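Here come two complexes built around chain A, the first alongside chain B, the second alongside chain C.
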Partner chain A sequence: MTPRRAWLLPVLGAVAGLLLVPAVALGPISIPFGDTIAVLVGGEPSDPRWTVLIGTVRLSRAITAVLAGAALGVAGLTMQTLFRNPLADPYILGVSSGASLGVALFLATTTAAAFGATFGTGLVGLGRVGAVGAAAAGAFLVLAIVLALSRWVRSAVTLLIVGVMVGAVTSAVVSLVLVWTDPRIAQQYVVWGLGSFDATSGRDLQIFAPIVLAGLLVAGALGKPLNALLLGQGYATSMGVEVRRTRLVVMVAAGLLAGGVTAFCGPVAFIGIAIPHLARLLVGTSDHRLLLPATALVGAITALLCAIASHPPGTETVIPLNVMTSLVGAPVVIAVLLRARRSEVVT
Partner chain B sequence: MARGLLAALLLLTTACSASVAGPAAPAGHGCITAFDAATDYFPVKVEPTHATNFSLTYHRSYAVLTVRQPYPGGAPESYVLLRCGAPAPDLPAELADAQVVPVPVTSLYAQSTTQLQLIADIGALDVLTGVGTPDFASGPEVRAKIDAGEVRGFAVNGQIEAEQIIADRPDVLLSQGTDDPTFPVLRNAGVPVIGWAEYLDSSPLGQAEWIKAMGVLTGHEREAAAVFDEIVARYEAQRAEVAGLPPTPVLLGQLHQGSWGVPAGNSTTGTLVRDAGGIWSEAENPSAGRVDKDFESVFVRDGAAPVWLLTRHGVRTMADVLAEDARYGELAAVGTGRVWVLDRWIGPTGGNVFYERGVLHPEEILADLVAVLHPEAAPGHEFVYYRQVGT
Partner chain C sequence: MIEDEHGLRFTGLAVGYRRTSVHTGLTGRARRGELTVLVGPNGAGKSTLLRTLACLQPPIAGTVRLDGTDLAGIAPMERARRLAVVLTDRVDVGLLSGRELVAIGRHPHTGPSGRLGPRDLAVVDDAIAAVGAGHLVGRRVAELSDGERQRVLTARALAQEPGLLLLDEPSAFLDVAARVALLGMLRDLARERHMGVVVSTHDLELALRLADHVWLLDRTGLRCGSPEELVVNGAVAAVFDTPALAFDPVSGTFTLADGSAGRPALVVAEQPHRALAARALARAGWRVVPTSPADAQIEHIGGDRFVVRHAGRITTVESWAALVAWARRVPAPQPTAAAMAAGTEER
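Here is the complex of A and B:
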């Protein structure tokens, strides 16, 4: 009998809420704590620049981290359950490589335009909206292809392979785009691939937040069918679960979550694959009705910690987000998994 | 008036100290027909005074060009530039493996557009037979040669076409300062490849001075030295003109996915901006690279600067700037409208002339920057590379 630690949910929620304070109060520039509070409650800080820093930089970053962490955690969990594979991650359906293709094409056309070519001139003025739109379009195009192919695929394993193959084809096209254009594009593309919670502005959040919340709501309603799927497709069918329809809904939700995050933050590594494992250990159950909210909260907490750590207070430097998530996160997960190796909940 | 006099004086003194030594070169720089071991076949000796990434030493029938770092992290390489017609020299042991390039070269493949301006300015375009990507080349003479089929592309899309190059057998191929797996293949097949990494010289004048190496390769040492001395004179005159003025605070670079690369004090951009009378948070940083910061640090340190030099090309209006990131609206320069980009001069096939011509002509970039940072010191200046973003 595995313990159900439902009481952990409010604790995790409180930790995430508390972490928002250092996420907003700490950064390369030291802002008096009183001024931070003053800005947050809408007052006048001692230096008007603090309003800009906290209001437009740190708050956006913290909210982006919370949303992205929760989204990637939940998307990863649903994919691991759907494919019954502990190594599945939110990008397993090719969403990340699709977004990469969108961004590479956008950079190629706008950079060509910047150097005088007429093709793509209209895209330069799109700026951030164009880059995010291109990533989203690429992500959802690849998702649509995988979904269309999934109609003819019965087994989850075959679908997994189809997703990986479509991703490989997309990555090959990205390589071709990069080789065939200006080398400076490759540099920009590499930076995009490092992931970042910093680029999201308040205006971006008005689109990003509804996408993530919608994806989380859909995923949240999938607790029961996901529980049934854990025991295999045959069992799920015998329990009255419409496997194909469930599979489609899970894939759309995960695609929405992972595609949204990739469009705004780049392909953020590690969180999606590792957080579900951490959450399972913490709550001590594979019941998705508890595991889904727990994964969202642990994802948010981890992403907040990474956001704080990638802007070490007192140093004017930025550590790329994916360096933080993987370099620091992976050993932590290994340690946790090894300590809990006897636990029966580790799948 | 006093400034003009000073500039003229500087021009004169630098011109007089031209780093050319020795008697006049033999007419025509042709090949040796009757070799005489006692004759100095490199009577005009040019040597770098600003550049640190290459050096030249002279022997009777050959010169040795050594590139300290032929590509980032690469070990030094020496090339034996042998006067054509001379017998194979008795080389010291350390040069036993060095590639031998017959000079003056009669056919030259240039992978980087930055090399084209050097060849054009010394009047040696007749030896140019190949360029990396023809569409990146913008100079009218080079374009004419490309259109006439006299110059072919050998690394279109960045992929070096080894077989075609071996079939063409140019006298020398100049790399773009990066390593490539085809280079050993080319060298084994008898096509010498010189690691041409002028950009690893961080000083703008040091980069321009690579024209001297091009002079030795093509037998135009005297012209190369004359061009370079004039560049130095103009550069120094510009610098002297703003040296006494209070520096203008300037914001450099821009955000890319949350990260803002600020050029350090001794980077090429940093040196140019400092010499043009600009000041920014990393001006005193002795590094030649850049410092990656976030918006928060840049906003607090440099956000109040009235001038902003953007790195992104192609932005037309301030609305385009704000479309990249709405937070840019908090920067003082967006309010003053003094936002500049480096894309005024685009070639007929889309190459940015700044990348082709700017490396050899830092004095033109400096003049633009002086006019951007100290418009009062440069009335009526006609911009070459910088363009003001429309308000």
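Here is the complex of A and C:
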């Protein structure tokens, strides 16, 4: 049996910190690591343009990746525990399909002329503000519907099904909207759906960071009741947990985290479902007091790696984020889980 | 006379779900320091009653008091410090070790962070020692056998330091030896910790052998008393007897109803040979009687050898197998008489 490894937390923190350097340095124009560190600590690089590049693009991209990775990992973990289902992910409550609907409606109702100029560059400028707002509105609308329905639901399994069903209805409406719109607009929707850490500006971060940090704080305080919920609702109730109230808080926190990420980065796949499993194996326990911070850090590390890999250094190529997360990440997780299966039981 | 308020007492309790009550007007008590066994046929509502007593589902009517306090009127955390349960719910806790699982039982005693202080750790160790699970708790819960997991879950309940422990069918998946061991352990815990212990089981023989107090539940209601009282006043027979099956108070086991059939045989032997020979003969259709006259006399003459006198002939059989073969070869008048009167011998 793998022993509980609390000492890994500072190691993971250090790895995440170190990865910030290549994540900021590497891209179409690669900046030497020495100069990157100089800029990050407030010094002067050998080329002043690098300060501008880091300040306007690279740093906000890296911070977005850290926040989004941590947010999706933690949201996924809380959903897996709440629903006692290893396949649960942050979008299980329909948040991403809600955001998708918001974006699809926004794109469809905004005439092509209004932001025709931005075609080909993705959802930036005026279109970006609108899309983020629409995604957030859609995500929280669907979350509100699921939360409202959850008041009448006793069992976690039923709630899970309700979430999936609301998501299915929402996705169907998205398809309907896309059928009725200009194919070029549908194309924009598809690009949004591929996910990206790149479009977040420093101004976006002023909204995105507080949302994620608030969600992480709430989730961080849930370690104790989530541990009790590992044993199921009956045992949790018998230990003094007010299950319905706890469930509501968990869902609001996960909705905040997943909804925030989806609004700013699109529906980022894979990280939310897989990172909790990796973190569990790394720290060797399901104790949330250790697992929650570990999941946040492993999520941040994974997202940084994906952010780096989606911009192969020295090229203009941009590989869509969800291609990186799914194509590269998923096989790695499968390999790790299969290796672990041999000697121990995984959730 | 002053009402003794110690322990659990419920009056006029109606249990069930929303519109359909399973039982109404249930009244009973469980004293501290005693092992109370709730016994009844499958489907009698044992789990529903226990879940209601544990406040996992609200009563339709009536009150439940523990040490004089109405359990419905106190905060969930306070209740969890007084009452703990072991349920039939599947426990799938991922990568938790046995010790981590037991430590979760400290939930109602720890602060918001769930951090365990020195006293909490001492209580956890004590609970583990009390159920003899010291060698189990270093392992993952998922790797334990049913009986081992039952012990760890019982330790988890003890870690709540309850005044009352409720266990729903804790022995359902255990073999006979482990069942006796578990109930014996629970009786000792009740004595040592001056705690009320209520266990439900459908194993009547075990209940009557080990319980201090019995709650007998069937579709018509609840009868309470000492095991002896309930046997003598016919309550056990009323609940469990069927046309084909009768409870034999002397042996404490069930016998097939036509135990009076078959030809009389007299067994002359010391225990355990007498009981075993009687059982073997009964299986072959003989009726073992305490005194002459009898059609046959079987006398133990040391080792596994018996002298058999029947119809004027004297035979010596050299083994148990030979005795069984003889008993079958000389059939009783009714060849099909299924007189499996396993315990009709005189004690």
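FYI, the second predicted complex is superposed on the first by the 311 of 347 C-alpha atoms of A that agree within 3 Å, B and C clash if a C-alpha of one lies under 4 Å from a C-alpha of the other, contacts with A are read in each partner's own complex, and residues count from 1 in each chain.
To be clear about the criterion, contacts are C-beta pairs under 8 Å (C-beta built on N, C-alpha and C of every residue); 3 or more make two chains touch, one makes a residue touch a chain.
The structure presented is a predicted model; accordingly, all values stated were derived computationally and were not measured.
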item	value
Which of chain B and chain C A:242 touches, first, second, both or neither	second
Partner chain(s) touched by A:232 [first = chain B, second = chain C, both, neither]	second
Contacts of A:223 with chain B and chain C, given as first, second, both or neither	second
First (chain B), second (chain C), both or neither touched by A:29	first
In the superposition, chain B vs chain C on chain A residues touched	B
Which superposed partner A:284 touches (first chain B, second chain C, both, neither)	second
Chain B versus chain C as contact partner of A:5, first or second or both or neither	neither
Where chain A meets both chain C and chain B, residue numbers	none
Chain B - residues contacting chain A, complex	157-159, 255-259, 291-297, 299-301, 303, 312-317, 319-320, 322-327, 330, 343, 346-347, 349-352
Chain A to chain B touching residues, read off their complex	27-29, 49, 52-53, 56-58, 110-117, 121, 124-129, 179-180, 183, 188, 191-192, 194, 196-199, 201-203, 266, 311, 316-318, 320
Chain C residues within the chain A interface of the complex	51, 54-56, 75-81, 83-85, 87, 89-97, 100-101, 104-105, 107-108, 110, 112-115, 138-140, 142-143, 160
Residues of chain A touching chain C in the complex	1-2, 4, 84, 221, 223-224, 227-228, 230-232, 234-235, 237-242, 280-281, 284-287, 289, 344-347
